[in-house]
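So that we are looking at the same thing, I have put the structure below in structure tokens.
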Amino acid sequence: MKLILAVVQDKDVTRLQDALSEAKFKTTKLASSGGFLKEGNTTLMIGCDDDHVDQALDLIRDNCSRREQMVAPISPMGGNADSYIPKPVKVEVGGATVFVLPVDAFHHF
Amino acid sequence: MKLILAVVQDKDVTRLQDALSEAKFKTTKLASSGGFLKEGNTTLMIGCDDDHVDQALDLIRDNCSRREQMVAPISPMGGNADSYIPKPVKVEVGGATVFVLPVDAFHHF
Amino acid sequence: MKLILAVVQDKDVTRLQDALSEAKFKTTKLASSGGFLKEGNTTLMIGCDDDHVDQALDLIRDNCSRREQMVAPISPMGGNADSYIPKPVKVEVGGATVFVLPVDAFHHF
């Protein structure tokens, strides 16, 4: 038995939880923020048997890896909005920091 | 030394914390949600000596076990409220998912 | 690799995070409350190599130790406020409860 603590961005957490749930993993979300990743992250606790750790890690990697995304920039305040043509910019999103912890005992009451 | 992480329903957490506190256990509440249990859960961190783990587990089992409860259903919207006789229904409440983690070192500053 | 879980008072957490960040530690904040310390605490998760645990513990001790502080008491409601001279009182603040957990594996995606 292992306890996986995965710190992931808020924007990825629903997709990850869906993927984990489909694969029969049970997860609990802890409200978290800052530090390992930019603001707006969530820590997932995932309890699983030793032989399912790799599968869980694959799902986290598949759904949360750091990646680049094109986003429309916020249009500037004031000025002539009509003549403003927003140019998409590349930003880095996602990313996951994952700890796999040993578990001495697991109970479900 | 062990660190017990107990995911329990919000409705059970105050009673459990009172029971743990009376038995001299120190606890910290982490805001959590979803997954192991239905929405509205709390994760308690309980640090304790190895020889008190069983006592803590007993208190969690006693206060949080999954159980059936009779609840009055929400009365239906509209219709003739006077003639509506609510029939209590059985629902499953409670439940606890518990991880006992080994601790390399404990400090109190 | 270790995972340090440090429960500290809200009033100390920003200073501690700054000190840890300056020393290149990565931290994640978990919303927490009650128990180990008085209400209003935060749990920091700090992942670090075995040989940096002592440095992290030093920073926690330096920034969060239990200490006495003189505070101006709330002035009493009603009465003659003009003639009331508040006398500072000593209160205990700070404190940290720290668990160092073994980590089986660490991943960053």
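Each chain gets a letter, A, B and C, in the order it is written, and its residues are counted from 1.
By our rule, contacts are C-beta pairs under 8 Å (C-beta built on N, C-alpha and C of every residue); 3 or more make two chains touch, one makes a residue touch a chain.
Predicted model only: the values in this text are computed from it and were never measured.
Asker: Just send me the rotation angle from a CA overlay of subunit B on subunit C, rounded to the nearest 5 degrees.
Answerer: Result for this pair is 120 degrees.
Asker: At the subunit A/subunit B interface, shared numbers over all numbers used: above half (same) or below half (different)?
Answerer: Interface between subunit A and subunit B is built from largely different residues.
Asker: Round to the nearest whole Å and give the separation of the Cα centres of subunit A and subunit B.
Answerer: Here subunit A and subunit B have centroids separated by 26 Å.
Asker: Residues of subunit C touching 2+ other chains?
Answerer: Those would be 30-31, 101-102.
Asker: In the complex of these two chains, what residues of subunit C are touching subunit A?
Answerer: 1, 3, 17, 21, 26-31, 45, 47, 101-109
Asker: Which residues of subunit B touch subunit A in their complex?
Answerer: 2, 5, 7, 30-37, 41, 43, 53, 57, 60-61, 64-66, 95-102
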